[in-house]
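Right after this note come the structures.
After this come two complexes, each holding chain A, first together with chain B and then together with chain C.
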Partner chain A sequence: MPNAIKKKDIFGEKPADKPASAWFFPFFTSLAKCRATRAAPLDERQSKRSGQLLISGLNSWRVNHQDISLPLVVKTVTEAVFLRILVLLQEMEYVSPEGLRIDGRRPMEMRKLQAEIGVVAKADGSAVFEMGNTKVIAAVYGPREVQNRSQQLNDQALVRCEYSMANFSTGDRMRKPKGDRRSTEISLVIRQTMEACILTQLMPRSQIDIYVQVLQADGGTRSACINAATLALADAGIPMRDFVTSCSAGYLNSTPLLDLNYVEDSAGGPDVTIGILPKLDKVTLLQMDAKLPLDIFENVMQLAAEGCKAIAEYIREVLSENTKQLEFRRGV
Partner chain B sequence: MQETVVQESEELATPGDVLGRAAEVKPGRGAYLAPHSNLVYASLTGRVRTVSPPPDAPDQRPTVEVIGHKAHGAVPEPGSVVIARVTKVLNRMASADILCVGPKSVREKFTGIIRQQDVRATEIDKVDMHLSFRPGDIVRALVLSLGDARAYYLSTAKNELGVLSAESAAGATMVPVSWTEMQCPLTGQTEKRKVAKVGS
Partner chain C sequence: MRGLKLPLTQTQKVRLQRALEKLEALSTKANSNASVAIADTIPVNYEDGFLKGHGTTELNGEVVATVCGVVERVNKLVYVRTLRARYKPEVGDIIVGRVIEVAPKRWRLDINYSQDAVLMLSSINLPDGIQRRRTAEDELNMRAIFEENDVICAEVRGFQHDGLHLQARSQKYGKLQRGQLLSIPSYLVKRRKQHWHYLDEYGIDLILGCNGFVWVGEHVETKDEMLVDQADKPDSQTSKTNDHSTSLEGQEQTYTPLETRQNICRIANAIRVLSMLGFVVTIEVVMEVVNLGVSQNMDTHEMLGSEFCVLVAEREAERRSQKKNKG
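What follows is the complex of A and B.
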């Protein structure tokens, strides 16, 4: 069996200036050609010998004098369709000519922030953090005794983090909201980010548990989780170098966009998530899973950092308001 | 001895706020010194407090602290007097769960061990653990040390330390008779304990 059919064979040579819809035509015609030139079994003697071989023979196609099997054609076709969809999406308009995004924001505008402290009575510290329609709850337990003694560290505290998504958090209900690759990765990211800001050496032989759960997902869940975890840690009274705040930024339609929502996030463009210590001006997290020219990347990262600072400002406000409330209730 | 001056400001601090330069202030609780910038930062949320040092101290810098609002649970330290409930009595030691440290109740579980040689001050080699404690007894004890990885070492080797309250076999709370005996008010039976001297 020949190794692969080239996309060129199905679509013909691809001119750059053709509109996306026109690309389908050569695809259909070549499929028709496939049907027309469906070859008789390669070795007729073999196929006559057994039914099994006859079926496999039926599955063999002759295109451009090459023999390919049916699954290979199906695979190539699906690949091609996905490519088309990608192309279509890239031509979608994420910033209107008036300079407004799909949800009506300006490119450098963040979604509405909303935070509440002390939402879980049993936890030592807890917070709910909302960025637009993304809503995350975080609970912090500790510093407490290490549960698994083999993990105990004699010079610093052990920080553990568990990220999960509620199965009602997305549009289509999730079957298993915990323990998949994505949540393990985000757990690790949040843990490393929070470890960078907690003064762990002050609490040796103890453990700090951070539990974050996404209640509503609308893009930027990992940023929202980090912000919620920061607030919950501050509420728990765990000593920190500085807050970590996180924000994402992307680049679509040649425009840097701050705080992507789900639609913009799933456009497949670059998405830079950054976590910073705003007062110390240090970066603790930087993630991007796409390619971007360096000068544009710097712009996008700068934008995300500005977003982080705005979030830090808001978190400070919320915390001092909460402290004043506590003092008032105690009658200080 | 002169008292140190405590100055509480109206200022609220959040983690990351600069509280002063390292040359001028010393970091106390809720504050830390960043080595790269020689600045003192806050690490907690709360009111900023400045404590000036005693006049004879070699270091004349005042200490800045941030007083947070979260009350952490009490933790036993060597030297503190604790109230514990006996859970297990063996030949050479008794285990107890610490309930209170001084006047405060604890929020987590801490276990303590009273070893045979720490039960009383005299004739320590003749102590019978089973004639000193029973599971369920409420004991006042002194924390000797942080002990091993599992438990604190406790001691009852003082007059005011030992069993405060115990139930008899009949199920009534017993009355102390002497420093080694308690009596059941229902049956009149006496049981052996290392009794604490309460009051006076």
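What follows is the complex of A and C.
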């Protein structure tokens, strides 16, 4: 980064006393920086506002220096800015020369895991799962009577899932937390993943509801949701073939990175989320929204699978500790 | 880890920790590490042959658990007993349920099972106490017997083609009124000979339903219908119907005295504390907790506080160690 300019400087009232380049470049460098370091994206509204500021700044600049024509300034400035952004995005350093990531982890290091069972009193099973700053709560109700009779299945249980993000989960407060396409898609993903491991044929004519909510979003919410749902299902005593555990991995700066956080996630690089059944060694979920050469993809996926296994080990520990507690407390 | 959601001071935390450690030490000797998590391999003797029970499946020739719980072995049968799962009915269980629907000739009850239970009109005793065929008129008057949201005590009759059937063919079964319904995890209620308890020093009925629904209510005298029937066989029909209507009105007028209501709350809170700590709920333990509360001069509302919770844990540890020494 050439120079660290504060926000006050960027959105300052009087840009006129500075030459155009000195005013614009820091703005965009720190814009890119914002993208890289803040926990939330700049939404459309904000960037529009900054655009307006830009124009108004330009006008006042023109008023003071009338000898330069506005179109020329705009043209040169925009060209320079876009070049600069491109360079910045390419140069953005996600892995330092010392081999450390932005949050200080090694490339193959996972964030700290934390799980708690039995957090919702009324639910049959519930859990909170944390991966670093990502925090997800899951509650399972059921197996219970099917609410909508027409959906009842006579040979297996009906699994339903609802994913939502709390309004306060992101840096910018969310306006419409429910019913958008993203959460519908993730609900579906979680439902399909969990259905693959629940022994639904043992609970015919009943329904299992899984509710997951993101309390803090810092990348990898999808994985955290699946892990939390697994814990909650196990707590509810629902028979499963195996745990499903999920973890993501990415590829930035020609390095495979395990368990991306928000900054790395929003870098726009490939992000592979996988869900595996560790004991059966099977994959139930694989998502990637970018292109990767096959050999690199294999590496990245291998890394994510290793992460899943580590998570499975942790979940197993938590669950067996919980069972032991319940049993000795019950006595008899 | 399942934690208590109570504000504990440092000393209370230490005391609770010590009590729980004591409990753990007491139980580890009895049950030698039989708890499994999902996908754990269960060691079995393959030469002897074995039967896979609930909560197990076979994977690559190994027996693998499908739920978290405790491995139980009965002769050749190997199964996993889950702890925090929903109630699994067995024939003859005494359960408490809530009516959620009045359907043709039947009531549907929520009993904390994966499906609703069915109580047929033909498998209850009619309020007039006469054994006869149920007519269409009876069917129309079903709401006079049980309405939606009524709490009912019944017995599991068995599985029929359309689900789990219940029966209530005795005076002691039927509608429960003037009391509290508590719902606790069903693994905390042990199957025993007696699930009705009349606590005469408090004037309270306590029903520990096998499904984890617990009823604490004012005591009602159940007259043995058969004896009454034999005593005044003639003109039973007219007198009974009158009897019934007056008793209904009488019930409306009689109101539960304050002391009884306080006792109900006290016993209910004792059960709440036990289920919060995850201790098994039996009549002896409940009475002990109630007496502990009385002896400590605890108010009813204080029984849900952290101090009492710690006290109960300590007392339970003491009780179990004493029991162990005796036995």
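Simple rule for what comes next: the second predicted complex is superposed on the first by the 244 of 332 C-alpha atoms of A that agree within 3 Å, B and C clash if a C-alpha of one lies under 4 Å from a C-alpha of the other, contacts with A are read in each partner's own complex, and residues count from 1 in each chain.
Just so it is clear, a contact is a pair of C-beta atoms (placed from the backbone, for glycine too) under 8 Å apart; a residue touches a chain by one contact, two chains touch by 3 or more.
Please read all numbers here as calculations on a predicted model, not as lab measurements.
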Query raised in the report: Clash or fit: how do chain B and chain C relate after the overlay on chain A?
Result: clash
Query raised in the report: Per the overlay, which chain contacts more chain A residues, chain B or chain C?
Result: C
Query raised in the report: Taking the superposition as given, does A:S206 touch the first partner, chain B, the second, chain C, both, or neither?
Result: second
Query raised in the report: Regarding the shared-chain residue A:E116, is it in contact with chain B (first), chain C (second), both, or neither?
Result: second
Query raised in the report: Which holds for A:A234: it touches chain B only (first), chain C only (second), both, or neither?
Result: both
Requested in this report: Could you look at A:R182 and tell me whether it touches chain B, chain C, both or neither (first, second, both, neither)?
Outcome: neither
Requested in this report: For A:R149, select first, second, both or neither according to whether it touches chain B, chain C, the two together, or no partner.
Outcome: first
Query raised in the report: For A:E327, is the partner it touches chain B (first), chain C (second), both, or none of the two (neither)?
Result: both
Query - Overlapping segment of chain C (options 6-14, 150-158, 294-302 or 312-320) - the one that collides with chain B in the superposed model - result: 150-158
Report task. Could you list which residues of chain A make contact with chain B in one structure and with chain C in the other? Result -> 124-125, 144-145, 199, 234-237, 239-243, 278-280, 316, 319-320, 323-324, 326-327, 330
Report summary line: chain A residues touching chain B in their complex are 124-125, 144-145, 149, 197, 199, 234-237, 239-243, 277-280, 316, 319-320, 323-324, 326-327, 330
Report task. Spell out the residues on chain A that touch chain C in their complex, using ranges where they run on. Result -> 116-118, 124-125, 142-145, 199, 203, 205-206, 234-243, 278-280, 316, 318-332
**Report entry** Residue ranges of chain C in contact with chain A within the complex
**Finding:** 1-3, 20, 23-24, 26-28, 31, 35-40, 55, 57, 59, 64, 66-70, 82-86, 110, 114-116, 163, 187-188, 190, 277-280, 316, 320
Query raised in the report: Within the complex, which stretch of chain B touches chain A?
Result: 12, 14-18, 30, 32, 34, 41, 43-46, 68-70, 72, 108, 149
